[in-house]
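After this come two complexes, each holding subunit A, first together with subunit B and then together with subunit C.
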Partner chain A sequence: MKRLKLFLMLLVLIFPLFLLGCWDQDQLKQARLVYTIALDQASGGQLLGSFVVRNTTSHTQQIETNNTIYYAKGRSMREMSQAVSASLNGRLRVFKFRVLLLSEKLARTQDLYPLLDSFYREPKSPLNAKVGIVKGEANEVVQHQKIGTTLIGEYLDQLIEGEEKLSVISPQDIQSICPLMFDPGEDFSLPYFEVKGNEVEVVGAAMMRGQRMVGSLSRVESKLLQMMRGKNDGTALVSLAIPMTNVHSAVNRVSFEIMKSSPEIELRVRRNHLDVYYKLGLKINVKEYPPANLDSPKEVSKLNRYIEKILKDRCKHLFAKMQKHQFDGLGIGRQIIAYHNDEWKHMNYKEVYTHANFYPTIHVESKGNGIIY
Partner chain B sequence: MINQNKTKITRGQFFCMILQTQIGTQLVSLPHNLQETAKGGAWISSLLMGVCIQIFIFLFGLLLNRFSGQDFYQICIHIFGKWLGRVLCGIYSSFFLLAAAFTLMVYVKIAKAWVFPKTPHWFLLFVMLLTSVYLARSSLQVMSRVMVIASLFLPSLFLLVAMGLSIANFTYPMPFLEVGWLKIIQTAFLALPAFGGFEVILFIYPYVHGTNKQKLMAASLANALTTLIYTVLVYTSLAVFAPEEIAIVPEPLIYMLKAIRFSLVERLDLIFLNLGVLSSTTTLAIYLYISGKGLKSINNHIAIKKVVPIIALIAALLTYVATDPFSVKYYEMKFIGIIPVFTFIIPVICLLLSFFRKKERLS
Partner chain C sequence: MRLEERINEIKENLSNSIDIEQRMLHCKGQVAALLYLKTLCDEQKIVREIITPLQRLERGSPVHVVRSVNILVKQDVEQVIKQLLQGWVLLLLENEKNNYLFAALKEEAREAVEPENERIVRGPHQGFTENILKNLSLIRRQIQSKHLHLSTFYLGKDTHTQVVVAYMKNLANPILIKKVKKRITSIKVDQLLPGYLEEFIEESPASPFPQLLNTERTDRVIANLMEGRVAIFIDGDPSVLIAPVSLFTFYQSTDDYHSRWQVSSFLRIIRLISFFLAFQLPAIYIAMVSFHPEMLPLNLTYNIQGSLRQIPFHPLIEAAIMELTLELIREAGIRLPSRVGQTIGIVGGLVIGDAVVNAGYISYTMIIIVAITAIASFIVPTQEMSNAVRLLRFPMMFAAAVLGLVGITFGTMILVIHLCRLESFGLPYFEPFSPLRLKEWKDAVFRFPVWSLKERSNQPEPLRKKQVESSRRWGHDQSE
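Here is the complex of A and B:
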């Protein structure tokens, strides 16, 4: 009995040596981490991928990091990453993958899902990486190895995150766009970049209809869309021109922060006819208002009505633009699927959407004015 | 009498035991399997299955109360006589062996796909069986205590998945009745493997302290809780994935967790899988134990302790029938077909026969 116990004890001690790590270990020191991939169209229907791989060289005192860009041609993501592996000392790994960039040309002509399939399929890939569209060639962005002192991968990631926080673009990552790519009732937008000299700028949002880009929104429009979707988290800043008052100055704007936007969509659906009654309640916090006369309730409500009028026009314009591109950024189709399913089955939605009537009403309430009127 | 008290378990332990046997690896693919045919009504299917099982739990109670102090194996022998009864015990024992093999199969499939793609099949089986055989070789009391500890982790498992609600779009499951009631009811049966495990009531019931009413109450509560958890989890995954997307995600519950990102923790799916392993270990242990008990009731000289490792070995070998996800899916469908025979039909036949035999005796 004692011997058996001893034997069992030994077994328990030896056992950890055979723990699972042996087969499935994936050591960081052998991994070559790719941070960013930029995709462009190459000749003959091929893709040109620019893989930004991080190098870490540690001297005795300090650790130095810099990027190496590997170019590969191929017909799919896997084909390209294989081509990159051929000239890489180590294993290509996506653990730290942050941003996928696509050139506008590619995004307009190629479906998005096939490019992302390998990410969804692999359990180790980070689904929270961002996707962006580049005006012009995508590899031009990554060729800026550093912007300021920040390496391009981190720079883009931080840039996107910052813009998301300001509600300029909608926060999306590889996972969150997946349902939207499949869903016929809602479309999404992605950050739209442009290279300007030595800098990379978010110039707006790319409208994605299903899996392809169909057009672009300016920064102001994109911000407005976020507001219409009710997706502002208290940091969206809007500036509007105010009519000339007694202030004789070139600076003639009211700027306000959107504290809360609560949209309500009511639909009238008939066979091939769609009326969209769109109601938006806004709570704002005034950040800049040179007339400085908000001490009287009359002036406050005058300002509110004024903002309502301007925003209503802008919403109408934006909706018309989205209709023109058959881009359902508000997810109206989603509502029809959920609440008017019979009608949905019998309609050609994109067609109906294009001719839908849009009736916005906007209600603005000023909830804050800073420390002066 | 004292001796008998020692071999019994409490109602709380009974409750945890049923809970742990019901909740196992099949849970993770439940939303996908149900959504395939029931679309947005998948959560209703899961709810219906829970209600259906509740009815059978009452029927089980009726049967077990007629033969107080006997488990289902003994009842079989009582009703069908020595020979036929023993054959039935053998068949039931093999059913639980199959159930164990099936649990293993699904566990290995998920472990391979999500965490250990290169680890050999036999090793995953070995690690899993080591714990559950050890558990199944111990007594019912020891097992039930482990179940209680394992149940303490259930809230975290539930919370983890409920976090998916933070990225949900509640219009995705709508309209709920898109495919109509008939299909929703039919789909409910696909939930059976995930709900499977309530049949252990038949075999453990006589070894639980308390009146019949109290015991049935404990069993019903366990089933109600399982149903609630499943329904919430199914609904959550329906709301996280677009209908067209869930069709291509075989394990939506794990996938969903991979999609949620916190500033501190990434890959919540790995935490979930760890908790899931615990659930399937307990499920497996119970199945092995009951399968062994079946052999014991055929021949009283057979010791459960000795047959359990053999049963485990056979179950392990059976998993080699299907080592890739596609064939696992194929056998899953086959297995669903035979579950109702053992969990619904035979017990009800026994109940009917027991009425009949009583009359016979009276006359």
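Here is the complex of A and C:
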């Protein structure tokens, strides 16, 4: 009798073990993986989501992939994904989600965080997914299905990654923009796409003030911003026009790679007045220079001074543009919070920022010029 | 008692078996009888060394003329029987009460060839035989030390199997020796087959891990003896038991000491990795595809998903089918002659492997996982441990299917706790990890150059620790 009781007790203890996991399981086999989501504004304050689901089918040895796009309307991400689930043969899962596209209209009129909230809440969501803004309708991008032989989601992912490596846009993902959305002292930029015929291009960066888009930067400006932030080590290539002695040639560019950019920002804060003394040290590697006379130190320093002059002008322009949009891409506000906290507390920062004086000095140093002079 | 009666008494005691030979002869002018078991004794030896000298004997004791090495004189019939059963020849004289016994055992030993299941590339290709005397002589010949001690036991009420315990008296810990001998002497059983002994003397019968090292290699036994361990020889069994052992003893191959130390260290690490692969890999795969697919790299996810789509089974079932099929093929292949064995390999490996995927029962990924697991388990240099590890992966797979990575964590924790608690003859099994002895990783986890292994492993708690004096002093000698 006693033994039977013990046996039953053991059974009672063991059975729950088998029952666990049913609710916890997340079979890869049944998962329908969303690769890209494009969000547009629909009528009546609703959102239109285009969910690109990647299918993989295996014919014995070969694995084929293709995209299926599901459209859904709703007032939030979850509402839309529920609507998609209704017409999906499997479980809609986002854990291999890579790119979120927003139409410019949506980004300008709606806050970003509410759209991303479900990603932050879900433990399995990929926080390294990218966010991009599309000029025009976002679903136009995903409707391309394939660009060349690459499926659209993968294409966008690789496109963004490539541009990040070339320091054209700042590397941001869902995780990294989260604190910046709520940071009064620093703003961020996101890749800005445009559909051109059969192709999708990164035409620059979208300036995000807080959670909304306020304007856009061209590729050159965006690259310059990266340089000014000191965030483009190694691969940023800049081309500038040079006054050439040989007038017969149409090629009159100097191209150089920025090996290291080290910015220093000094602030003078008086009540509601802000002076920004911006110092940038650049170490460059000349990649293209048709005059080919860099063997003399004089010519080198002449070139350096020339580059300094042009970059200084460009920096000024860029800063003015950022001021106009109240976009603090350099994180100056962050410095005021840290070093001039008393003033910060009594300051309408965005206002002060717009009227700040910007005094850049740039020092260029050529560190290399390839294997010829 | 008359001679006739004495002969009959002996025969009676040996159950009148047909192989009892009786030879009457004249010795010292009286009738004498030789009795022996034909199946055990070397008859030529008997003629040459016993019969011929006895026939010439005029007076004095037979003890002085018989050319046999071992001679006993016994009165007690029980003891006489015992000796007869070990291949001795009994001489009975009509007018003498004494029973003379001469050793004349037939030597039947095969060549000391390399054992099939413990092949190595470099090093001595020598293994033990079924003959205990030959085995002991192999050891004795290579350890020419006065400290090598052999003590013998006869176990099995009926089989009377000879068991020899060998150890280095100046190295092996006396407490250990006492323990080994005590456990051996307390075996009370009718029949001691070779191979039984391990189960009688091991500490934790419930553990999946072997607690004695089972080897047929002479060099391995010698190396272990020189570390202060005890070797147990059993008559009729070419495999020798070594105690105490740690987990890492099973992962050392004698090969390691014959190739360069960098290579050997690399192989040791590979083996340790394979230890984990062999029981964790299928479990990890199951956990990944059924609980945590978000942890897989992006492209791998799509690859695996593609191959999984059409599979009708849960990953656990899929893995179990494949693992069991593999075990079937293995088990079928072992006992077949090698030519048929090859066919099994082809049928099992190629036909089943390919067909099962094409039919859509098992995914390619699973085949790869199972194949890697199988290879990883075959890497273990000792058969016993290889089997143990192969068995472990089933509960691990189950744990993974029930709780995912949490299950694997539980399983691994239970396993590690078990390993930490496990003892081999009172000495830690998981040494040098628990207790942590970083110094001994030099020879357990890696293999450092032999001259740098100045001290013996402390696992068997040897009496003398130093094993290498500074042997490379010539490097500092400028006068060279």
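Methods note: the second predicted complex is superposed on the first by the 348 of 373 C-alpha atoms of A that agree within 3 Å, B and C clash if a C-alpha of one lies under 4 Å from a C-alpha of the other, contacts with A are read in each partner's own complex, and residues count from 1 in each chain.
Everything below uses one rule, namely that a residue touches a chain if its C-beta (ideal position, glycine included) is under 8 Å from a C-beta of that chain, and two chains touch if they have at least 3 such contacts.
In this text the structure is predicted, and so the values were computed from the model without any measurement.
Participant: After the match on subunit A, would you call subunit B and subunit C a fit or a clash?
Facilitator: They fit side by side.
Participant: With the two complexes superposed on chain A, say which partner A:Pro243 touches: subunit B (first), subunit C (second), both, or neither.
Facilitator: Once the two structures are laid over each other on A, A:Pro243 reaches no partner at all.
Participant: Touching A:Gly148 in the superposition: subunit B (first), subunit C (second), both, neither?
Facilitator: Touch status of A:Gly148: no partner.
Participant: Taking the superposition on A as described, I'd like to know which of subunit B and subunit C A:Gln335 touches: first, second, both or neither.
Facilitator: The answer is first: A:Gln335 touches subunit B but not subunit C.
Participant: What is the contact status of A:Cys178 with respect to subunit B (first) and subunit C (second): first, second, both, or neither?
Facilitator: In the superposed model, A:Cys178 contacts subunit B only, not subunit C.
Participant: Examine A:Gly45 and indicate which partner it touches, taking first as subunit B and second as subunit C; both and neither are also allowed.
Facilitator: neither
Participant: Considering only touches as defined above, state whether A:Asp24 meets subunit B (first), subunit C (second), both or neither.
Facilitator: Touch partners of A:Asp24: subunit B and subunit C.
Participant: Which partner chains sit in contact with A:Gly197 here, subunit B, subunit C, both or neither? Use first/second/both/neither.
Facilitator: neither
Participant: Considering only touches as defined above, state whether A:Leu127 meets subunit B (first), subunit C (second), both or neither.
Facilitator: first
Participant: For the overlay on chain A, what angle lies at subunit A between subunit B and subunit C, C-alpha centres, nearest 10°?
Facilitator: So the angle at the centre of subunit A is 50 degrees.
Participant: Can you give the closest approach of subunit B to subunit C, taken over C-alpha atoms and in whole Å, for the superposition?
Facilitator: 6
Participant: For subunit A, which residues lie in the overlap of the subunit B contacts and the subunit C contacts?
Facilitator: Of subunit A, residues 18, 20, 24, 126 contact subunit B in one complex and subunit C in the other.
Participant: What residues on subunit B touch subunit A, complex-wise?
Facilitator: 113-120, 123, 127, 167, 169, 171-172, 174-175, 178, 240-245, 258-259, 261, 266, 269
Participant: What part of subunit A is in contact with subunit B in the complex they form?
Facilitator: 18, 20, 23-24, 123, 126-128, 175-176, 178-180, 182-184, 331, 334-335, 337-339, 341
Participant: Please output the residues of subunit A touching subunit C within their complex, sorted ascending.
Facilitator: Those residues of subunit A that touch subunit C are 17-18, 20-21, 24-29, 31, 33, 54, 56-58, 60-61, 63-65, 93, 95-96, 98, 124, 126.
Participant: Which residues, counting only subunit C, touch subunit A once they are in their complex?
Facilitator: On the subunit C side, the touching residues are 288-294, 296, 298, 301-311, 357-358, 364, 401-404.
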